[in-house]
Structure formats: C-alpha cells, structure tokens
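In what follows, subunit A forms one complex with subunit B and a second complex with subunit C.
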Partner chain A sequence: MSAISAAQPEQMSVAAKSAAADSIHQDTTAKLFLLSSITYFFIVGVIALMIAAKFVWPGLMGNSPFLTYGRLRPLHVNGMLFGWLLAADMGLTYYLVPRLCGVKLWSEKLGIATAVLWNGIILGAVVTLLAGMNQGFEYGELILPLDVAVVVAWVMFGTNIFMTIATRKYEQMYVSLWYTMGCILWTAFVYLTGNFAVLFTSGVNQANLNWMYVHNAVGLIFTPIGLSLAYYFIPKSANAPLHSHKLSMVGFWSLAFVYVWTGAHHMIHGPISQWLQTIAIVFSVMLIIPVWAVVYNFFATMKGQWHQMRDNIPLKFLMSGVVFYLLTCFQGPMHSLRSVNAIVSKTDWIPGHAHMAVLGAFSFFAIAGAYYILPRLYRTKLYSDALANWSYWLFMIGGLGFFVTLWLGGLWQGWQWNNPAIPFIDTVVALTPVWIVRFFSGILMFGGIAAFLYNVMATVIGAKDNPQAAA
Partner chain B sequence: MSSKADKSAIFFVIAALFLFFVGGTLTTAVAPLVDKSWTKPFENNDPAKGPTGKLRPYTPQELKGRQIYTREGCWYCHTQQTRTLLADTKRSGWRGVDSPISTPDEFVYDDPHMFGTKRTGPDLSRVGGKYDSQWHRTHFRNPRDLVPGSIMPPFPWIANNEAEFQALTAYLQTLGRAKNWRPENDFEK
Partner chain C sequence: MTDYFYPSIYFGYFFFFLMFCGAVFFFLRSFRDGYWGASGEDVKYHMLDDDEKPDSSQYHLR
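Moving on, here comes the complex of A and B:
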C-alpha cells in the first residue's frame, strides 16, 4: 500500500496498517467472481473462434439455427462483456475496495449472493440467446427478465461497495475508489437507458438511446472500472508511487463530464440530426483530455521502473494495456471526424478498434489483476511464471495480428465501398485473406486464454499443497 | 471542488451524477424535442421537395417478418441507412437511379430500430422491391447459389417454413419504399 500512497503523506499510515490487517479479509466473493469469469473467458473464447471461422467457411455448422452466426455473435459479445470482463472487474473490485478502505467487505454474504445471481444471469443469457430470444439492441440483446436481474445484481454490488466505502477507516479516498464509485453510479443510469428507456421509443430516437448506452457501456462502465484497477495495480506491481494525484483528478472529472455526450457518433453521416452529430464529434475529440491525463500519469509513474517489465508479468499486461488504451482512445476521436468516418465506419476496422479496447486494454488490466491477486488470495505462489509469460505473448501476438489486419482490411474495404464502380460482393471476396489471418490470430489469443485458465486453476488447486505467506 | 470530493463520498456522488446528467439529458431527452423529424412519419406530396410518398405502419405479417429478422441477427451484418455519402446513394440505387438518403422520418415505426453498425453484407435500406420472392427463397436456402463468394449463412429453416418465409419477405419488400424514388415504380413482388 505504501507504493500507492507515497504521493500522499496522509495515506502513508494507511499503508502500514492495511498490510498488517490483510488477514481480516475473507475474499470469498472475489474468488467466486474471478474463477467463474475466467471460466467464461475460456468457454466464450470457443464461441469467438467459431464465429471467426464462419467468415472463412460460411457453410460451417450452417444448418442448425442454434449455431448460426446471428445467434453466436450476441453470445460472444455478451459473454465476453458481462460473463468475463465485467465479472472479473467486479471480483477484483471486491478485493481492492476493502483494502483501500482498511476495513472488511461490508457483507460477504451479500457478495456471495451477488456472485450466484450473476452466474445465473450468464447461464440464462446462453440459453435465451441461442434460442434466438434477442431484443434487437446491440449490447442490450438480453430479454427483459434478465435485464431486471442485472439491475438487481448491480444494486447488490453497488450497495456492498458503497457501504464498505462509507465505513472506511481513512478519510481520503484513493483514485481507484472514485473510478469504482463513478462506474457504479453511471452504469446504473446508462444500463437503464439502454435496456429500459429504449422500450418506450422507436426509430432514430431509440437508436440515439441505444448508442448512448453502447458507447457508455465502454466509456462509463469498462473504462472507469478498468482504470480503477490500473490505478491500483500499476503502482502496486511496480512498487512505485503514483506520479500525480492532481493529474488523476483532471482525468477523472473530465471523463465524468465529457463521455456521455458522444453516443450519436455511431450515426455520423446517418439519418440523425446534423447538429447532434457535430456535438458528438466535438465531445469525441475532447475525450483526448481524460485519456492523455491518465496515460501520462501511468507513464510518469513508470519512470525509472521500466526495467521491471522484463520479468514482472502483471506489469507487462498493465503497461501493454495502457498503450492499447492510448491507441484505441486516439482512434475513437479520429473515427468521429466526418472525413475519416466516411472511410472506416461500418467496416472491419471497427471490430479491430473495439477488440483493442475490450481485449487489448481492459482485459489486459483484468488479467494482470488476476495474476497479481490470486497468489495473495490463496496464500501461495503462482503455479507457473513461465506459463503466465506464454499467455502474455500469445495474447500480445494474437491480439496485434487481429487488430492490425482488421484495420488494414477495413481501410481497404472502406476505400472500395467509396468507389461505387466496384460491386459489393467483390469487396467481400477481397477481405478473405484478412479473415483468415484474423481466425489464426484468434487461435493464438485462445491459446493465451487457455494458458491463463490452466495457470489459475493449477494455482488454486495446488494452493493447499504449497502454502506460503501472502506478500 | 475535486479535493472536497476526495474526502466526502456524498459530495463525490452529487458531483459525479451532476456532470453526467448535463450531457446525458441534453443529448438524449432534449434532442428529440428539438428535432421533430425523429417522431413524425414521412409524408410528402410535393415533387419539388424531393421524392414523394408516405410512410405507413407495418402490417401484422410484416411485423412478424421483422421479428424473424431480429431473432436471426440479420442486423449484425446488414445496415439499414443510406448515408449522406455519394457512394451510399449509388450503392442503394437501382438500375442507374440513385437512391435518396435515409431520413429520420422514414424509421418512425421501427421498433427495435435496425440501423446497424457493421456492413458485412450490403446495406438493405432500399432493398424493398429489388428482388422477387423466388429470388429470396433460393437465396435464403443457400446464398452462394445466387451470389458466388457470399459469406452469408444459409437459412434453410426459414426457406422451408412457408409462414416464416412469407413474413420475412413481406418485411424486406417494405424497406425503403416510403419514398417513391424509382421511375415507373418497377418494384418486384
């Protein structure tokens, strides 16, 4: 803890106390969320490979309605977003919030109930999506009863975290706590907009609400909870104080104000009011402020510490994630410019961009967090550092293969579309090599997931035989 | 302000929600109040103002077709918007006639909306009346029989289910038809 708070003399005492008090934490909720989410990461990874394969071999498994692209894609998206990433983020939050507050989690029982409910939601999502029960909203596919269950689970999560923060020992709240609280509050409203408010509207009005949700699912759910992890784990893993508390405030409060305005940038050149498109573009460009403030802070924290990247595996994931975060958040504002948008919008560039955000940045933060806390949760050593290193390189090479080929392919596709003399089907056929590379990059990434899952499970199972005092 | 939010959780909550609601309200709740075309169905009887026509609500059969379109996730790969790009108006056009751009008033009855974000297959905003039922049946059974190189999945369970096939085709034939943009109305059935 001293690492994080060295910049804040007031919190120095926090550090010493909480290290001694580490044994007060039960962490059952954190364990349940983490282990189930990593399992979903693996299972949904199989779905991901299936849909990537369908781009290359479109007839594959084609005669079964349950295994068709249109039903597997929402399962992939929802499974990765809510089954893996959000659940992993929640598990890590259940770990770090009590530690930053110097108290036990407010209610471990409530936490366990939340984990059980969350798993029920994911299983319900698998069954209903394969059955074609799809509401027709991107990221909001799940049927109404499941939406209600998500809201209940989120309230349970939020109550537990806020009550823990309310009973905290230390007055000053570290940056990670702001981002966690921001995430819980904003998600509540963003989720209600995207899953309930849309039901009372139609047409462009509905699309505008839908994309407010889609955009902010990334911007106000995964970004703040992911940055909360990065703000905690980067100083901890590097054992270096955070560069600037002031700069982290700039990053947080500008994010709070700027992000929500940008939903309409999903319809640039589309049938939505031009003035609203312009507002979305202006605020999209302003997103550079919260992003660069955060990224500068992380890079400056690493000053003099870069040599640790050689063999510190959580740090490798974290700092690669920061670079991907910087890149993806530079692409975003650029895509919103009308001239760039006319080329890249609706092309394969976009999944390249989206995967860099969700996999390259935020999943990397969550994976780093898992590698960091698992040995501490189970008071043991990680099963294999070499295997963890393998998982890093498989994710990295597979990820880059995926992102870069889709950008190039998407750019090429966009130029072709803008020449109406080229028949549409020719622009489809032209992308076959891109989709082949994407499929094989996917196999590498899946190898990364498999190595990660195996390492985690072996650590957990071997924990009893290999006890060691937690660091 | 920010240093106060550092120490007081209550102050923090109020500030974080206030900043969020400024943009949140202005871009979602206020926007449709300002632009009425989002909620007023398209109708134009004056050729001087662009294509004439009138948007009508979907029939029960077309709505059923729409449900199938939603269920099968057609919207993950097909957008429904002819954007304000020259290439889009050419690609959505037919037999040498450019398509008019999509406007908000053409989608008032769309629930859920089907604008889409990814164009793996061609845009369908003006596909209504371009291909006849026989073409669609063959295409759903195996798209590659009609379009070599296509990567669209086959949908035999729709092609072989008469009620579902009729409903889905009825829906597809409505797409983009509110505006009478084709000379002599040469629409296929």
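Moving on, here comes the complex of A and C:
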C-alpha cells in the first residue's frame, strides 16, 4: 500500500473536508461514469478471454447458443468500445471540461441522468446481443431502440458539455476543449450515418457507408476524445506546459479536414470505384500530418521531463499510449496502399492493428486519466502505486505479445491466401500457434485489467479511512 | 416499396457537407479569436493552474 502522509489522521481529515468544501466541482457524474466503465472493462475482459480461448479450443464451451462466437464477439466489441472506453472517456471529460472552463458542470443532475441512461444502454446491449439480436453491421450491431437511446444519451452529454463551455470563465479554450467539441459534433454525424442511414441502403453502397462509420468511429470519436485526454493529462501529470498550443491547433484542424474520407480504404480491391479507393488512399496518407503534429507536440512537451517516467504511473501509460498512437497511425496509411493491402487486408494483422489503437493508445490514455483523477475525486491517495505499476507492465507485455503476434500471423496468413495452391482450411490450422500466444497474452492483459479494477475499487472504498487532500 | 437508396446516400453527404461548412467557419473564426496570434500560447500555461477553487485565476476572464 502506498505511503500515507505523516500528518495526523485528524489533521488530514480536516484538510480533506476543507478542500472538499472549497471545491466548486461536485464530480458525481464523473465518478459514476468512471466506476461503471472500469467494471465493464473487467467483465468484457472475461468475454475477450473466452473468445481468445475459442480460437484455440473451438469446442471448449459446448453448443450453447449464448456462448457462440457470433454472439460473444459483438458483445466484446460493443462492450469494450461503448461500455468501457467511451464511457471512461465521457467520465474523464466531465472532470476536465469544468476545470478547463473554470466553472461548475452546467447540470450535475443531467449528467447523472446521462450516466444512468448509458448504463441502461450497456445492460440492454448485453441482454440483446447474447440473445442473438443483432443488426449485422460492424460496430452497428445494437438494435434500433438502443441506437435511439444512444442518440438521446449523446444529446444529453453534448448539451451538458457545450453549455458548460458556453458559460466558461476564460475567453480562450485549451485544445482539449476543441477536441471534445469536435468529438461531440462528429459523433452525431458518424453515428447517425452508420446506424440509421445505412439501414436504407443495400449492397456495395451499404458496405461503403458501414466502413465509413467504422473507421470514423475510431478516427472521429475515439481519436478526438482520446487526444483531448492526452492533451490534458500529459502536461498535468508532467507538470510541464504543452510544447506548442498553435501546433496542437494544426493537428486539430488537419484531423478535422482529412479524416472523414478514409473509410473506403477498408474496401481496397473490393467492388467500389477506383476513384473512391484512390481518394481513401490519398487522405489516409495525409493523416500523417495531424498524427505527427500531435506526437511531436507530446514528445517536445516531455523534453527534460523523461526522468519522471520512472515512477509517474499516469505518465507511463500516457507516453506509452503516444508511442502506440504513432505506430498505429503509421500502420493505417500503409495498409491503405494497394500493394500492402493485398497482403494484410482481412487477415489477423487487422485485429492486431485495431487493438493497438483502441487498447494500446486510447485505453492507455483513459487508464492514465483514471489513475490521475480518482485520488483527486475521492481526496485520498491511490491504494497501491506498486499495483498500478504491475497493471502497467501486464498491459504492456500482454499488449505487445498480442499486437506483434497478430501482425506476424497476419502477414503469414496473407501470404498463404495469396497462394491459390494452399487450401483455405490449411491456412486456418497453420495459425493455431499464433492464437495460443494471443490467448496467453490476453491472460496477461486481463491481469492488468484486474489489477487496475482492484486498485481503483480499493482506493474508492478506502477513501473514507484515508482522507487526504490530493496534491 | 419506396426506394430510400439515393435519399440515404444524399443524407450522408448532406450531413458531411454541414460538418464541412461548420469546420470551415470555425477554422476561420479561430484566427479572429486570437488562437494563431501573439497570445495564442497563453492558454497552455493557464491550464496548469488549479481551478478547484472559485476565482483562482484572473487569466483572460470573459
């Protein structure tokens, strides 16, 4: 357990109560979103392990329809994306936006109602997806009533955040606020197109709209809200100013103008127009501009601060996430090139790439944010710095094992698929060793999730016994 | 049966067009609001301040 201040408990209690009384922030919404999302992270982590096990031992879970791959996989995807990551990002946004604006959250009651509705949606998703109710679109599996509920919840979230920003005390907005507002507006566009407009199309156009949604779910939802967190927590954790706010503006606006056209690169060599494929390739390569603007800014911010990586847990997660962000955003444009795409598309390389983006980059940012703010929210100290360090290394080693194995396996798979002399089933059997490594890497990552959850819950539960005004 | 094929595609592009217009508008406005000017870097120092208490900073109040 981490060292508690040498001050007397009575003094700490008084200091904590005083700090709590002085604070203008209530933070109930942030707490609700964070604690529920971290719990979903653990639950959906179990589902992820079950899926990884089914790759190695297909008959492991018998013939129960609830445990088939077709039901567990969408539950894993939706649970991780919307139950864990987006909910955690929303919780952290409810924390940082009022602080950057110098005012209270516009409506804590609306925030609490949003958290309740969001949890209802996630529970509804668990029930319906396990029951086999699925619209059949990648990332758009939820049934229509739940899609409508997501839109309502997002409008509630957006209203609260925009009204908080509208009532802000300071004239200029820090870049995190730009990304947050961009995310809220772009999500409206992306989600409505991917979950409603797509229902009225068919064939190739439907596939094109669906992939535009899938890629922009990552690029225009998780990227801006994730970068919003990174731009806030890296300077805060390192206690060093951002290298250049103007450069962060370059990154924001280039992302705004470039990202939306890239979705069609999922259909390279598919039955869509060559001009559309070429546009997707060109804009995918142009993504290097916002990515480099962001990554250079973060690395330059860390100049003279790298020694803090030794024992600053949030900073470890954040800067590792930045490296993964750079790698995944280098891979993405390369995949879109026709020659590379012919090898890696549809292979295990792609889940390796996607997991590095969603887990390695954006989940690392969210975990760092949680480690940073939870002791502050509960005015205590983190239960265990050592356990937090363990969670970092479990995530890192498990994640690297997972990503690298799937990249190598995907390349191997792609070369085999390009040889018509090899029967398809042989390419499936050949990948068994890759899936075994993936399963054991998954166990390590799940250990990281378990350590993270335990640390968070022990911090929250023990907060009353160890009150302390966080630094 | 009503064919929603093209209306749905037009809907997607129209929505994208709205977002594009909004992006152009706010991008141009960011110049007027001083984000690219001499004081464009002030905000990065201010975000390090602790806003836990009311009126903790007098930075560029609205």
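As a convention for this text, the second predicted complex is superposed on the first by the 448 of 471 C-alpha atoms of A that agree within 3 Å, B and C clash if a C-alpha of one lies under 4 Å from a C-alpha of the other, contacts with A are read in each partner's own complex, and residues count from 1 in each chain.
The working rule: a residue touches a chain if its C-beta (ideal position, glycine included) is under 8 Å from a C-beta of that chain, and two chains touch if they have at least 3 such contacts.
Quick caveat, the model's predicted, so the values are computed rather than measured.
> Taking subunit A as the common reference for superposition, should the pair subunit B and subunit C be classed as clashing or as fitting?
Aligned through their shared chain, the two binders clash on subunit A.
> Please work out whether A:K169 is in contact with subunit B alone, subunit C alone, both, or neither, and reply first, second, both or neither.
In the superposition, A:K169 contacts subunit C only.
> Based on the superposed arrangement, let me know which partner A:G59 touches: subunit B (first), subunit C (second), both, or neither?
A:G59: touches subunit B, not subunit C.
> Between subunit B (first) and subunit C (second), which does A:L242 come into contact with in this model arrangement: first, second, both, or neither?
Second partner only, subunit C.
> So, A:A207: does it touch subunit B (first), subunit C (second), both, or neither?
first
> One more residue to check, A:D385. First (subunit B), second (subunit C), both or neither?
neither
> Going by the contact rule set out at the top, does A:R99 touch subunit B (first), subunit C (second), both, or neither?
second
> Specify the partner with more touching residues on subunit A, choosing between subunit B and subunit C.
Larger number of subunit A residues touched: B.
> Where does A:A256 make contact in the superposed view: on subunit B (first), on subunit C (second), on both, or on neither?
In the superposition, A:A256 contacts both subunit B and subunit C.
> If both complexes are laid over each other on chain A, which piece of subunit B (2-10, 74-82, 92-100 or 110-118) hits subunit C?
Comparing the options 2-10, 74-82, 92-100 or 110-118, the clashing one for subunit B against subunit C is 2-10.
> Under the contact rule defined above, give the subunit A residues that sit at the interface with subunit B and also at the interface with subunit C.
Shared contact residues on subunit A: 171-173, 185-186, 189, 193, 197-198, 201-202, 205, 209, 212, 249, 253, 256-257, 260.
> Which bits of subunit C are touching subunit A when the two form their complex?
Subunit C reaches subunit A through residues 4-5, 7-9, 11-12, 15-16, 18-19, 22-23, 27, 30, 33-36, 39-48, 51-54, 56-57, 59-62.
> Spell out the residues on subunit A that touch subunit B in their complex, using ranges where they run on.
54-55, 58-59, 62-63, 65, 68-71, 73-74, 132-138, 162, 165-166, 171-173, 178, 181-182, 185-186, 189, 193, 197-198, 201-210, 212, 220, 249, 252-253, 256-261, 263-264, 266-267, 269-273, 276, 279-280, 283, 342, 346-347, 350-351, 417-420, 424-426, 428-429
> Where on subunit A is subunit C touching in the complex?
Its residues touching subunit C are 19, 22-25, 98-100, 102, 168-176, 185-186, 189, 192-193, 197-202, 205, 209, 212, 232, 235-236, 239, 241-242, 244-246, 249, 253, 256-257, 260.
> Could you list, by residue number, the parts of subunit B that touch subunit A in their complex?
1-3, 5-7, 9, 12-13, 15-17, 19-20, 22-24, 26-28, 31-32, 34-35, 37-39, 70-77, 79, 81, 83-88, 90-91, 101-104, 106-122, 143-144, 147-157
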